[in-house]
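This report concerns only the one structure given below.
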Amino acid sequence: MVETENILSVNGLSKVFDGVKAVDDVSFGLKKGTIAALIGPNGAGKTTMFNLITGFLRPDRGTVHFNGRTVSSMSPHRIARLGLVRTFQNVRLFPQMSAIENVMLGLKYTRGESLYAALLKTKAMKKENGANTEQSLKYLRQVGLEQKKNELAGNLSHGQRKMLEMVRALALEPEVLLLDEPAAGLFAEKITEMKRVIREMRDSGKTILFIEHDMKTVMDIAEHIIVLNYGKKIAEGTPKQIQQNEAVITAYLGRRRTLAS
Amino acid sequence: MIYQIILNGIVAGVIYVLIALGFTIIYRTVRFFHFAHGVVYACGAYVAYATFAAISNQISALSPQSSVIWFNWAIAVLAGIIGAGILGVLIDRLVYQPLRKKKAPNLVFLLASFGIFIFIQNLIQLIFGAQILSIRTGPVKEGHHILGAVITNIQILILVVSVSLCAALWLYIKNAKLGKAMRAVADDPLAASVVGINPEKITLVAFAIGSMLAGAAGILISLETNIEPTMGMNAILKGIIASIIGGIGSIPGAMFGGLFLGLAENLGIWKISAGWKDCIAFVILIVFLLLRPSGIMGVKTQGEQL
Amino acid sequence: MEYFLHILVITGIYIILTLSLNLVVGYTGLASLGHAAFSCIGAYTSALLALNYGVSPWLGLIIGACVAAVLGIVIGAPSLRLKGDYLAIATFGLGVIVYSVAKNWVSVTRGPMGLPGIPGFSLFGYQISAVWAYLILVTVFVVLTFFVIRRVVDSPFGRILRAIREDETAALAVGKDVNKYKIIVFAIGAFFAGIAGSLYAHYITFIDPSSFTVMESITILLMVVFGGMGSLSGSFIGAAVLVILPELLRFVGMPSSVAAPLRQMIYGLLLVILMLKRPQGILGKYRWT
């Protein structure tokens, strides 16, 4: 792996829980501007991988490099600020806060969030607050949630919540976005919308790695696929290569059908 | 001198072990700090006292023989232990179970537990008064001398009873059907229910056993020192600290932690004045929380499920 | 009449304590069970400075509050990483340790005998001794505390606190340094508790460790919970009700050996009933799910 070319690279990452190897010596790299998918049967270690990459878990062995920096021992909030952002399988929003507040929490500015700014309500801070509200509305508009800006996040529909979490992640202006099952529980039209948003992100220069079980979606938009099973990487390549890979087919319950169906 | 300190430490330690064991058994099923365990401990002591006083009044009119006193004793102890057990189970059924049904967060359970503690402790004070009471009967007997230390009959009794209770509990958890079921629920409640174990029933058993242990501890300590309504606060704090030292949720850990704490405290006040005893326990607690929150024997948890 | 004013002063002091704890527990969701430790620090620092070094109570108040805040940071930095139950026990332990120090460090604090003769506040050379004057003083501080905390809570900073309360993991995932915010909030809570402690010390002119027990911390927590976690106006109600109610008991003419435990029993029962029926308290809006 040529380190300088990959915006995100994972090297020999391992994590053991109570004697079980959740992630076992996994390495891969992502080039900037690609849409990649991380797939594998349930329990293969995909979400654990995400946790390791984004600092929510400390690896037992191995390193993670992002944009030339080693991030494997950084705290999760720092990694997020650097531009490596993730969403959650179970959609972690702030349920009793409004949609617009959720997005505002994602915005990248920090000056207004200090205690100093809170105590001394300066004109500059007020102005910044106004700009941020505007910016947040823009993000909401992008996913059609502008009307729901004051709705409590917990009251939104599942599809809306998924979109909200996505757009809150975008507010962090990430370079690499790790999406944990972005299509889970979504109806067909919402999935199409989700795919559109992902493509738009890639077109604006972002790199995406997503975990997915819906093979149709994976084969449709992923350019690069990494397959895990029992914590190990068993295959990596283009969708076509993966579809024909014996090990992968066997891993998915030994189905004789190809993975495109 | 050192042997006396160690002896005192062990005697104090086994009491802490009993409290910590009861606390741990309960913790393993409910997964929050059942702070009210402290008043269950106090309840054991006070019910025993009240029973003893009530029976003594009745019996002494009939015959003041010492054999009768032992009989009074047995009834009182039994009453105390059962009383504690009942209180513990009531607390679970009346307060914790409804909260479980509502899927309340841990903070709510904690606060409710505190509330129960304050209520019962003050109820005891209301009934018995704030002064210290004594269960002792007869003059203080001189102790036996071993290795330059003095050990009294009561201390021997405490050691024997505590060790027996621990051994009995250990065997039960390891071998008895309910004991194994308790371990299953502690390990993985979902899997346990899949194999047909009813977690609510197990919780009830855990509270019964754990509370009876606390009651026993309360009665044992009341033989050695006097009792007062606030005795539960100190007890539960030490019990929690011992559990954390040994590893929260670990039964051998509770045993280790209790002894460790008893010894550490007594060694500590050998060198510094006795008023700082409680402080020692908490300093140890803070040290463990910061350096090794999983304790000596605890298993490092997986970290949050994300 | 003077008794009534005295009760109002005490209520005011407790309002400051309740507001400051509400910020920590109610808004940020941190299980802080040792709040009385900070008012103890504030009280003793201010009192000792005045008694031993003739420091003006005004200055002593500020210094006491700052010392309390520093302690909050020192303790908070490592402890606030702990999960709920553990943080509760750790802060509880802090309360015990501070109380122990107050009770046992006799050479400095005179232990259980306490510190008598603490000078009151003075303005332009005149000693303030009238109760109504203290009522005005305490009210000023109550208003000050309320405005500061409300500013904090209604700001982007406050928004992050609420986010931490709702979902710490998500807050981390959006780049917030959760631990830093927790420490700052803890320190603010400690600061105002320190102010309350100092006010108490110079008003009553006598302090001893018994005013800063663990039960005190729980009482303040009860005021927060009752009034509504995360509701500032609720804190006014919580403090007022829980200060005034036991005073009413006094008028019923019960001997103190009955009234004292009875009052605590009511507190305990109230806490349990609140948790069972209405954990968000009287005015709280946050649903504790």
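Per-chain numbering from 1; labels A, B and C assigned in written order.
Here is the rule we go by: contacts are C-beta pairs under 8 Å (C-beta built on N, C-alpha and C of every residue); 3 or more make two chains touch, one makes a residue touch a chain.
Everything numeric in this text was worked out from a predicted model, so none of it was measured.
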item: Centroid comparison with chain B (C-alpha atoms), farthest chain; value: A
item: Chain occupying the middle, per Cα centroid; value: C
item: Centre distance in Å when chain A and chain C are each reduced to the mean of their C-alpha atoms; value: 42
item: Whole-Å separation of chain centres (CA-atom averages), chain B against chain C; value: 31
item: Computed distance of Cα centres, chain B from chain A, in Å; value: 48
item: Sequence positions of chain B contacting 2 or more other chains; value: 304, 306
item: Contacts with 2+ other chains: residues of chain A; value: 56, 88
item: For chain C, residues contacting two or more additional chains; value: 169, 289
item: Footprint of chain A on chain C - complex, ascending; value: 148, 151-152, 155-160, 162-163, 166-167, 169-178, 184, 188, 286-287, 289
item: Residue numbers on chain A that touch chain C, as the complex places them; value: 54, 56, 75-78, 80-81, 85-88, 92-97, 101, 104-106, 108, 112-115, 117-119, 121, 129, 168-169, 171-172
item: Interfacial residue positions of chain B with respect to chain C in the complex; value: 32-33, 95, 98-99, 103-112, 114-123, 125-126, 129-130, 229, 233, 237, 240, 244, 273, 275-276, 278-279, 282-283, 285-286, 289-290, 293, 304, 306
item: Residues on chain C engaged by chain B in the complex (per definition of touch); value: 29, 31, 78-79, 82, 84-86, 88-90, 92-94, 96-97, 100-101, 103-104, 169, 214-215, 218, 221, 225, 257-258, 260-262, 264-265, 267-272, 274-276, 279, 288-289
